[in-house]
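Each of the next two complexes has chain A plus one other chain: chain B in the first, chain C in the second.
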Partner chain A sequence: MTPESCVALFERFAGARKEPEGLMTLRREAIARFSELGFPTQKLEDWKYTGLKPVVEHAFELAPESQALPAVRQLAERVIFKEALKSHVVFIDGVYSKELSTLPRVGPGAGVGSLWNALRIEPERVLKHLGRYGLCGADAFTALNTAFYRDGAFIYLPAGTSLEELVQIVYISLASSPGTMTQPRTLVVAEDESRARLVETYVTLGDGPSLTNAVTEIYLGPGAGVVHYRVQEESLTGYHIGSTHVWQGADSTFSSFSVATGALLAKTSTRVILGEEHSGARLMGLYLAHGGQHLDNQTFISHAKPHTTSRQLYKGILDGNSTAVFNGKIIVEREAQKTDALQKNKTLLLSDRASCDTRPQLEIFADDVKCAHGAAVGELDAQALFYLKSRGMGDDSARGLLTEGFAHEVIDDILIEGLKARVSSMLRQKFFNGGRARHGEVDG
Partner chain B sequence: MKPVERLVNQEYQYGFVTNVEAETAPRGLSEDIIRFISDKKHEPSFMLEWRLRAYRQWLKMSEPAWPNVLYPKIDYKDIIYYSAPKKRSDGPKSLEEVDQEILATYEKLGIPLEEQKRLAGVAVDAVFDSVSVATTFKETLAKAGVIFCSFSEAVEKHPDLVKKYLGTVVPHTDNFYASLNSAVFSDGSFVYVPNGVRCPMELSTYFRINAADTGQFERTLIIADEGAYVSYLEGCTAPLRDKNQLHAAVVELVALEGAEIKYSTVQNWYPGDKEGKGGIYNFVTKRGKCAGASSKISWTQVETGSAITWKYPSVILQGDNSVGEFYSAALTNNYQQADTGTKMIHIGKNTRSTIISKGIAAGHGRNTYRGLVKVMPGATGARNYTQCDSLLMGSRASANTFPYIEVKNRTAQVEHEATTSKIGEDQLFYCMARGLSGEDAVSMIVNGFCKEVFGHLPMEFAVEATKLLNVSLEGSVG
Partner chain C sequence: MLDIRDLHVRVGGAEILKGIDLKIGAGEVHAIMGPNGSGKSTLTQVLAGNPQYEVTRGEVLYEGKELLKMEPENRAREGVFLAFQYPVEIPGVNNAYFLKAALNEIRAHRGKPPLDAMEFLELLREKLKLVGMDEGFKNRPVNQGFSGGEKKRNEMLQLAVLEPKLAILDETDSGLDIDALKAVAQGVNAMRSPQRAMLIVTHYQRLLNYITPDRVHVLAEGRIALTGGPKLAHELEAKGYDWVRKQALAGRALAGKEKT
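The block that comes next holds the complex of A and B.
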């Protein structure tokens, strides 16, 4: 894929779409920006440790609109948590599946459903926010998504509403040869004092090459609270690029939890702008890699206003000859006095061939702040292992116990029982079944 | 004015100019200038060839843009690449022959060249503009077998050693400034400590930029042979000038099996005035190689001067069980900018490294720690501990931390911690309630903040560093 071939693909795509003129203008601007930027190279600091050669070399096609085949239905049923049985939105190759979705009952003015439907019915309300937080000016993949997205979830919470039920958004890619790309787009608008809990799940069906380029934008008005889980468990033959862009108003709280276990190469980034006073964000992450996987995690938090708080903890476990990257950046703007920011990254290496690169960064322009970051990389503690073994535990189970213990600092933070169980089972399956189980495939 | 502000506003003390007749090369850089420099120094042909190779390489390179510093583009054609105080014949044979003006300069700077006046046990090599003017204590050192002389003298008298080690740690192709230095370097210090010798005294070099519009490009090479030990100090100052001056030095350290090199720097180049006008651009490549097993290299730096500092003293931990250390205190006040840190490259087994970096940003200062810890696949049992703390004084300052950690061996244990904070009102109040003046309170807190670094400096330097920090900080804090 070259920027030129993407432009050609776009012409075909745009020709077949009937869209409001405003939207098509945005898309044209985005594809122009993308062709200027091109695919990121390792010369860019954000991509220093992640090379896109395999992605760029593959000629991905746009996925055709697919039907909900029985296999797809089964997959969806397997990944939907029981907490979200009555409130899930499912997309197949980036297209809304009415058949597989069960929309929750919501109060007046609120909405949970397809972004494309919302764009047709009430474009003003959507376009007021869409593209405002996920800036495609500097990020090539966000620009690419803006040019190509077909659909995605749109969640609108008017002031004071609170969604009782967990909303699960499932993006299924049908990874069939010769390789298709999907560009799902999610928009969450949480107006003043509203509340919601969401899960985004990314899965693939099939073992062909695929590229998912997902963009999520979340707006939090004053006093709003959003808990956002993101689970990426695509197949090991695919590539996943995902970014979540968050803008927070005064006194709002945003909590994010990102799990990455799938894809051959993935880069997940979370960018949060603490745009008004007393807003706070909490970012947790867990990445589990084995075989030849490469998982890149990026966080970016901008403390733009005084009295803002952020907490980050990202943990990774690497086996086989996998590689992982943590790129964390905290910026404290000149105005943002009394900022309190903390960032931690820990990576556990289980094999001799696994390697990791970590780059926790602080950029501070205000003086009355409290900022700290820490990073650690290492293997299992030999003394702890010895302790367990001296009490009669086998080597494998001792290692298993310690590895689980390492991950549980993050897993315990998950408040959805279904997801918690799912992550624990992924962990065991990935590292303690000899690493040869059907990783990446979803099997409850 | 608040106590902290008063403390930070002291003037630069070493800003005077010495009037010495100087012999300078024409402005600009070309192969002819390099031949001119090489010819002036009566260098053997291998040196000239090496310089020319570096120059040709440099022409193909571009200035690095990644450091987190801002400055107008340097016109490399407008620099004088060679300036030396005029000599009577072939350079001073003894102190008596050194120009009295220069001796007086060093006297003023508190660098005692005349042996009887010196503090016991420090041998000094003084570099004035581009050339070494005097080296003291040569005889005592020679008795121990230690070679301590100017680089030019080493090229002349010990060409084999120079040929064997020059460029083995920082090759002439290393980076833009290192290549430039390799092409035009005029002098510097050379140290060789033979097998099993513990250098009987601290060695010290004092660098002084005097002439206007010149660049200073010195090159230091220190070799500690098997089981040897040497402690080396370096200090620098420059006159007050409106125009920025370039200082692009290269330091190479080689520690063979069981050897230990301790390298301390107190860098106090002219930092520019309060509006950020003038000052030295300090673009320096310093690197040590623990070539042999169980060797150790330790860098300690106190950086208070220079308009811009761009410096990453590094250690290549090649020998098994070798140790690398980096202790740094960097202060940026007014409009100073510093992008400094270290690289620890773990290659050998059971190699260990420690990084302690303390950054203080006051005024409009911009202070960046940038460091790399790399554990190669073969470095089983590698261990690193990094701590970077920043202290912010004043709301226009900025502090950045950019660590890079690359681990390719699972047995490695790498830890990085960083904090950023300001001097708390409560801390100041506590000290002042106990009768300390505001200035003393700030100075005490700042010195406490840097204590871990100062503790690694040789005694005389530690005293100087503490004073220097107080001076540089004067008037910045609020």
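The block that comes next holds the complex of A and C.
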């Protein structure tokens, strides 16, 4: 895949679409921008530890529109949390599946559903926000997504509305041969004093090579509160690029929890602009890798105005010869006095062949601020391991318990029981259900 | 039950234990005293199987089996328990969950069915009462944020739940106020039985005011310098450890005679 082949692909894609004029203009701008930027190389700060050679080498095709086959339905049923049984939006290869979705009942003026439907019915309302937040213009993959997305979830909350139920957005990639790419787009507009809790789940059905390039934009008006969970559990043969762009108004609170456990190579970035006074963001993350996986986690927080607060805790567990990256940047603008920012990153290595690059960056241009960061990469504590064994626990169960204990600090932050249970079970399955022996073979 | 023969141990290149001989029979309570740095803690860690310690000579028979060849977890499953001088804090791991997992692994080793959640909770409540601990401790992370006294009580709780055959207490009395000390002693005394042996390591004699040992050994310079009855502890309190060192230098024969 080259920028040129993407442009050619775009011409075929665009030629077949009937779209509101504003949208096609956006797309054309985006593909031009992408063609200018090209695929990111490791010379770029943000991509220093993640090489895209394996991704670029593939000639990914746009996925054809697919039906909700029984296997797809089963997969959806497996990943939908009980808390979202009456409020989930499902997409197959980036296309809305009415059949598999159950939309919640919402108040007047509010909307939860397909972005494409909203674009056809009320393009002005959507285009007022789409592509406007964060650093969409500077990021090649976000530009690529803007050029190609077919659909995704659109959540609109008018001032003062609260979504009672958790809304789960499920993006299923079929990963059929010869290798397909899907580019789902999520837009969340939370107007003044509105409230919502959302989960984005990314899963793959097949085992072929696939590329998911997902973009989520979240706007929080004054006093709004959004809790956003993101669970990436795609198949280990695929590639995943996920970018979340958040813009926060005054007194708004944004809380994010990112779980990355799938894909052979993945990069998940969360970019938050604390755009008005007294806005606050809390970013939690958990990355679990084994075998030859590479999981890159990036956070970017811009404290643009005074009295803004951010809290970050990212933890990772790596086994086999997997690698991971934590790249966390905090910028405190000159104007942003009384900023309060804290960033922590801890990675646990279960194997001596696994490694993690951690790169906390603070750029502070204001003088009256409270900022701190810390990063640690280490193995299981030998003394703790001996302590557990001295009580009769075997090596595997002692390691398992300590590993779970390490993750608990972040898992305990999940307020959705279904997701909490799912993350705990992913963790055990990945590292302690014969998993170690299994990828031991893969490693040779 | 326990037979230590000519045990030599190195830690980080330095020889700490230089030939320990010690026999403990079922039902007996032995105390090991000695100045700081004499090797008391090293002895307990080696018996529990801490891989950081290197045994260079000697052997340890536990119920006729070679203890030093067993993995730490198998020692525990066979009934060896060490109450740590410095219990390890384990963030994120629930105290009760950990103890249940440990107990059920020990039970599995002994061919017993696992206790279910209700059965375990009942057992835990009973043992919490025995060692004078609040029920709230069961749901806290293992030792994290516990005071010194609470950590020691938590060790006693584990001892009471796991019911070992050989209990080794490494300075369980250090850093305790008098109430906590009494609670620990009460726990130990309640655990005394003809089937169980105990080895109590302590720097001060005060714990032995509440627990009367069958034998008292004094460790100095990596060897057992002196062995005697319960009165020896009081004598040490009065005369200090320098006295033992002099005794040890004057005649190792004394210790040799007392040991047999």
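One rule holds in what follows: the second predicted complex is superposed on the first by the 432 of 444 C-alpha atoms of A that agree within 3 Å, B and C clash if a C-alpha of one lies under 4 Å from a C-alpha of the other, contacts with A are read in each partner's own complex, and residues count from 1 in each chain.
Definition applied: a contact is a pair of C-beta atoms (placed from the backbone, for glycine too) under 8 Å apart; a residue touches a chain by one contact, two chains touch by 3 or more.
Computed from a prediction, not measured in an experiment: that's the story for all the values here.
When both complexes are overlaid on chain A, chain B and chain C end up sitting side by side without clashing. Of the two partner chains placed by superposition, only chain B is touched by A:R334; chain C is not. After superposition on chain A, the vertex angle at the CA centre of chain A, spanning the CA centres of chain B and chain C, is 70 degrees to the nearest 10. Once the two complexes are overlaid on the shared chain, A:E409 sits against chain C while remaining clear of chain B. Here chain B and chain C are compared by how many residues of chain A each touches, and B touches more. Contacts of A:Q383 after superposition: chain C is touched, whereas chain B is not reached.
Once the two complexes are laid over each other on the shared chain, residue contacts for A:G15 go to neither chain B nor chain C.
In the superposed model, A:L401 lies in contact with chain C only, and not with chain B. By the touch criterion stated above, A:S351 is placed in contact with chain B alone, chain C being left untouched.
Applying the stated contact rule after C-alpha superposition, one finds that A:M393 touches chain C and leaves chain B untouched. Between chain B and chain C the least C-alpha distance in the superposed model amounts to 13 Å.
Per the touch definition, chain A reaches chain B in the complex via residues 45, 49, 334, 337, 347, 349-352, 354-379. Taken together, the chain B residues at the contact with chain A in this complex read 66, 377, 390, 392-422. Per the touch definition, chain A reaches chain C in the complex via residues 381-384, 386-395, 397-398, 401-402, 404-409.
Every residue of chain C that touches chain A in the complex is listed here, in rising order: 48-52, 71-73, 75-77, 81-82, 84, 87-93, 98-99, 101-103, 105-106, 109, 141, 158, 162.
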